[in-house]
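Both complexes below contain chain A, partnered by chain B and then by chain C.
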Partner chain A sequence: MASRSVSPGGALLRASRMFSMPAPLPPPAQDAAQATFRSHSDTATTAYPTHQVITTFSHARKEGDWGLKRPLPLRSTTKSSTPMLRIKAIDTIEQITDYASGADHGLSLLKFQELGLPIVTPPPRGAEHRAEAAVGIRSVFEDDIDCTDVAPKDRPKLVDRRWRFSGPWLAGMSPGDFKKYLAEKVRPRRHEFRAFLMTKIVRDLNEARRERALNRGETWDESDEITAETVPGEIVSEFLRGVRQQNATLFKLVGEFLDLAPLKRPSELDITSLANSFRYQADVAHDTRNPYAENGPPSTHPSAGLSYIRTNGYMDNHPVYGPQKERKPVEARVLKPRTNQNYYAKLGIAGFVSETLSGDNIHNQKSAKSPLRQFDPDLKGGAKIYVHPSLASVDSAGKLLILVRDFVDPEAELVARELIGDGEGLFGQQQRQPVEEELSQETLRRKYSQKVSQGAEDYGISFGKVDN
Partner chain B sequence: MIIRNFGLRHGRQALSAPPSAPSSCLRLLSTQKTTTTTTTTAVAGNQEAMEQLAALSATHAAREARLAAKRQQHEIAEMPSKFKKFIAYQKQTEKLGSEVERRYLPDEIIRNPPHDASLEELMAAQCHMGHHTSSWNPANSRYIYGERSDIHIISLEVIAAHLRRAARVVEEVAYHGGLILLVGNRKGQMPIVTRMAELAGACHLFQKWTPGCITNKDVLLAGGQLKIVNERDEELGGFEEHLRDCRPVTPDLVVCLNPLENYTLLRECALATVPTVGIVDTDADPSWVTYQIPGNDDSLRSVALIAGVLGRAGERGQQRRLEDAKQGIVKWQTPRDVRGYIDKANSLAAEEAKAEREKRLAEGAVDESGLKPADLMTEDEFLAEMFGHGAAPSKY
Partner chain C sequence: MSTKSLFRPLSLLRQPTRLYSSSSSPFTPSLTLPTTNNRSQSQSPSPSQSRSPTSALHELFGKSELSDPSKESFLSSSLSSLTGAAEEGLKQQHRTEMYLRKHPRNWRAGDVYAPHDLSPAEAKKWRGVKAPKRDVIDMLGVNPLDNYRNFSMISEFMTPMGRIMHSKDTGLRPVNQRKMAKAIRRAIGLGIHPSVHRHPEVMKMRGRINTGMTGGF
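And then the complex of A and B:
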């Protein structure tokens, strides 16, 4: 397709950063808990960013130059140590640039990228808490499930390999939405669907007749083919009657016509569904190998642009100890310990909420005095544990799910703690005995002639310093 | 033993054996001092042996000192050649490695503005960003390329073309000796305006325009300092009387970086037929100024670029004017009032001289019989007249 020729200025503008800013996404739907008055928060970080976060050079920031219509106020943009903004409007009727801090999502992205996790297809429903959940799932960048450039005629053929569909995912629609969809999008296309069915009927008929002719040894040419005009009316009504009875066939035809996202029955069946399993037998025909059929197709690319790593099969290299068998575990904050109502404790990993695993592992042992089991109000800053994030996936609502491995190697934990100066290892021991500096005139002078600010220590943050 | 295999069998050993001679040479060459071991096992009572030993060690120390001095002298003698080598090496290697280039410095555009703005520079300086689509002035529709993110986008080509036209106007006004006034009275525009005025040799205003400074200048600007200069910008004396009496000046060109806030100024300029150049954003009225430059007037970077290009144009015009003045080309005319003053002063002086002459004539001090032909001759002609043509001494 030849692109329309544009003027040099127009071409420049099209390639400019302002023009490449994506349009804002609709805000994430609030779930029932958030919608209630008590748990609603205006300042909470949303599940996914809706606006592009921008930043600028430090010397341009001092002038308020963010590449926008006008310089931004210095008082609110120069003091932040995380200069990230989201621009809601470049100019408004009030002649101001509407902006807000974008550091929440910007920092979340940085922290997530520090974990070095690959993004995988969503695990089967209910299997997020099982260690073996990671067995069947694959990177979203695998060629056979990351099919983005599809010709319209190949769409039905590649339904197992695509993640983008122009039709909705019916299983995720509320009854109201479904009724609205039927009324607004489906009903007006009734005649179109008839024509679509007719082409199907004609094709099938011609196929069958040609095969019969070939089997009988007769000749077959184009003139023998029937068309939509010449097809007998009783055959059409027969076909329509038959298709009304066959749910699977009908769904296939409708799905192809409306480009519906594939459906799959939930793999985790509860007792009631097992009891009347006959109800699900018809669904077998729907079964698809599309990894997004069970939880719904993603709204963006399944990686959501968070990570481009295809595997977690790589090793960390320690500057002193060399290559490590285990990857560096990360410190997670225990947001909510296990309770009788909630079997899984909630952890905060790199700014994302994750849940612990079920099954036999160290966090579920009753004997262990785990911070996951009881809340300790005396603990300053809250309880933290080391966990091993292994994979991450993005669900159809755009929320990130981090899968945590059940076991953290104590040695790997020690190495990780030592790296931040919190350990008892080689460096930790060295730090225990700080070298007593000789108190001479020279050292005293140097001590008091140093700059006033000592950096983070002024603010009470000490990096691995042992208080004596 | 097979002789022909001897080399193969023992050659390896012989070759791999550590060569003794080079290592000993190395030891000799090493600058480390070998510790002198003096035997201090003196037998009690053997005075003579002790003295001998002392003398021996003394001579030894003296030799060492001599050697050390020699070494030092040698080192000093080598210094110039070594230094030369060092400099040569430094010169050879100073171009190696990568040069880190800083692409964008915020104040570079003010300190060293470009002579012409390319489309890329205009875009990088945010000149294309207009106002919110709802606050536009439809008269600007010819400058607008489209809309994006709810703001109007001004066409870069149009900005570049209008900027070039305005730069040409500024340059020619400066070349013809016009007085240029630069106005930019938004917050942060002061350094831009002053720098541009410095380049273009113009006047600047970064505060509020006092209304009436053109239409009511005789009252508001009375007593302001003025000076009369010649074509080489040298101040001329003798005009004190005129300067005391003359009217305040009006600019010949006004460049306004924010027309929206300077309606009064632009209106006064229109009344006094002073041409104006202005940055017209999508919400401004382009008919307020004579020469529009469509562009973003809110961004300091955009204003700095546009003002810088105009300042450079003014600078070029002033340079051209001064260069031509050196060759005697003057493209501007003396203002009528100055001309009138000069004529008046000349006629006054002539009348005075005439009166003086008449006075002196009346006194009989001057011979009024007229000039004789000899008064109009050069010295040579006079000699030739006196001695005849042939007698004139040759010059060469």
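And then the complex of A and C:
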């Protein structure tokens, strides 16, 4: 294509921030919980941002210049120490720029990148809360599972390595969605599927004939091959009738045709699979090695562009104490302690919600004094504990899951506290706020029933007791 | 005297705590057990002889004022000292639950939160029951009319008074709302479902779910 000459104005616009903002993503997929009567909020921070977050220089910000169509009001954009905005609309019918603060996702990203965690394939289902979650998972940037550029003809061969599929993941579809998918996308393609099967059958037949001819010692020519036109159509129907009982072959064919994401055989811990294990062994000939078969393929690149670190096998170097055995632990907020209802305490690390591990570790001890067991309203700034985050993974819904280690090295914690100058907290105690007197009707009445002025005493004049 | 032989081992037991306060050697069996000054009940000249096992054990628990065994049984006093800790634990648990009610958001692993999400204004939005945002019948892919005999489903879309719920409470789209209402009318018309309250079996089951005592197979 010949390069078109662009006017200077056009060149300016193309290079401007306004034109370089990508289109907003569709909002995060709603949970199944949204179909029930459980509470939900529109203003809660979403699992991932949908709009580009922009920033600007300080000298431009104080004039309201964010590189957009008009300067933005100063009162709402200059007061924050984090100049981050998300622009919902550059220009609206009311001739304003619709913007909101983007610091929630912007700062979370910066905080996460400070942790320096590698992003890995999701842990096996059922093991997310166990220390064995790290078994068998690898960095998402490994060459054999990071296949981005795949030619259409190579797709079926690389089904064990790909993470992007144009068809859905059947195990993650709700029944209604599945029925809709069948009716809208699958049913109209029946003839196409028969033609696809015909080409496969013809190729297999030709292979068989060639083998036989070569075994007999005859020559085989291209002209000896049969083509789809010469073969009667009933062959496809016969083949389908025969393959109807063989789930594995059927899924392979249908999956190739519709480009479905691979499914994993249910694990052996499933009771129904134990009962039908005889049948399963007969049916499932090929178990995929795709790391995303168990929990579903991601909708973006598995790393979601959050971190490009490939390993956590590096050491921290302290300026005074030298190389450290453990990496720096991070202060995590205890969002919800363990109760009878929730078995795992919810921790907030770098703005992402994570959970403690199960098993015999320091997080699960029964001592009542731990902030993971009970809520203490007197703690200044809320309950916080130090944890060692180890790995991160992005699930198929786009949520970032941070895996936390089940112990905290006390030395590493002390060193971390010293680094931030937390001298008072050196012995593991969080500062407590002075207990304020409870405000109740009684206390208020008592407070205000006292006379405002005591008389002479208020003026510093005290007479002796008068004996009368 | 048999009681004397009982006392001596106890006195030996008691000895180590006095090790640092007295200069006597640790192995001299002292017949004078550590007594407190405000002991009004025991007036005997030799305290060891009048001390009962009960009072000695009380000392071990640190309850020296309860020396009179007749006044309070040993069992209740030891239990009260032991249950003191349990009581405290229960109190703390209750306090935790009361405070956690103010932040009812059900945090899921992978959620992102900002300081705004922890504010009381945002926390209030997560309280209480809300109308669903998505159509549950579409999600399940069922036909409500075929489920007129499914009492849990019929009762779910009914108010506790037996009235059919409005679509703003069910979250169903108009087609499904009409089908669901028709299924409810059909069940009530056939006489297989009550018309003024939810199905009693469903209420019983829900009651168990609420107390967490479901014993399912």
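Points to keep in mind about this one:
Please note the rule applied: the second predicted complex is superposed on the first by the 360 of 468 C-alpha atoms of A that agree within 3 Å, B and C clash if a C-alpha of one lies under 4 Å from a C-alpha of the other, contacts with A are read in each partner's own complex, and residues count from 1 in each chain.
Note that a contact is a pair of C-beta atoms (placed from the backbone, for glycine too) under 8 Å apart; a residue touches a chain by one contact, two chains touch by 3 or more.
Everything numeric in this text was worked out from a predicted model, so none of it was measured.
By the document's definition of touching, of the two partners only chain C reaches A:K336; chain B does not.
In the overlay built on the shared chain, the residue A:A47 is in contact with chain C alone; chain B does not reach it. Judged by the touch definition given at the top, the superposed model places A:Y308 against neither chain B nor chain C. With both structures placed on the common chain, the touch criterion links A:I90 to chain B but leaves chain C unconnected. By the document's definition of touching, of the two partners only chain B reaches A:F19; chain C does not. Of the two partners chain B and chain C, more chain A residues are in touch with C. Applying the stated contact rule after C-alpha superposition, one finds that A:K179 touches chain C and leaves chain B untouched. When the two complexes are superposed on chain A, none of the residues of chain A touches both chain B and chain C. Taken together, the chain A residues at the contact with chain B in this complex read 7-10, 12-13, 16, 18-19, 21, 57, 59-60, 62-65, 67-71, 89-93, 95. Contacts from chain B toward chain A in the complex involve residues 104-106, 119-120, 123, 126, 128-132, 134-135, 145, 148-151, 153, 155-157, 160, 188, 296, 298-301. Those residues of chain C whose C-beta lies close enough to touch chain A in the complex are 88-89, 92-93, 95-97, 99-100, 103-114, 116-118, 122, 125-142, 171, 212. Remark: chain A residues 30, 32, 34-48, 103-105, 107-108, 128, 174-180, 335-337, 339-340, 346, 348, 351-355, 368, 373-375, 377, 382, 395, 397, 399-401 touch chain C in the complex.
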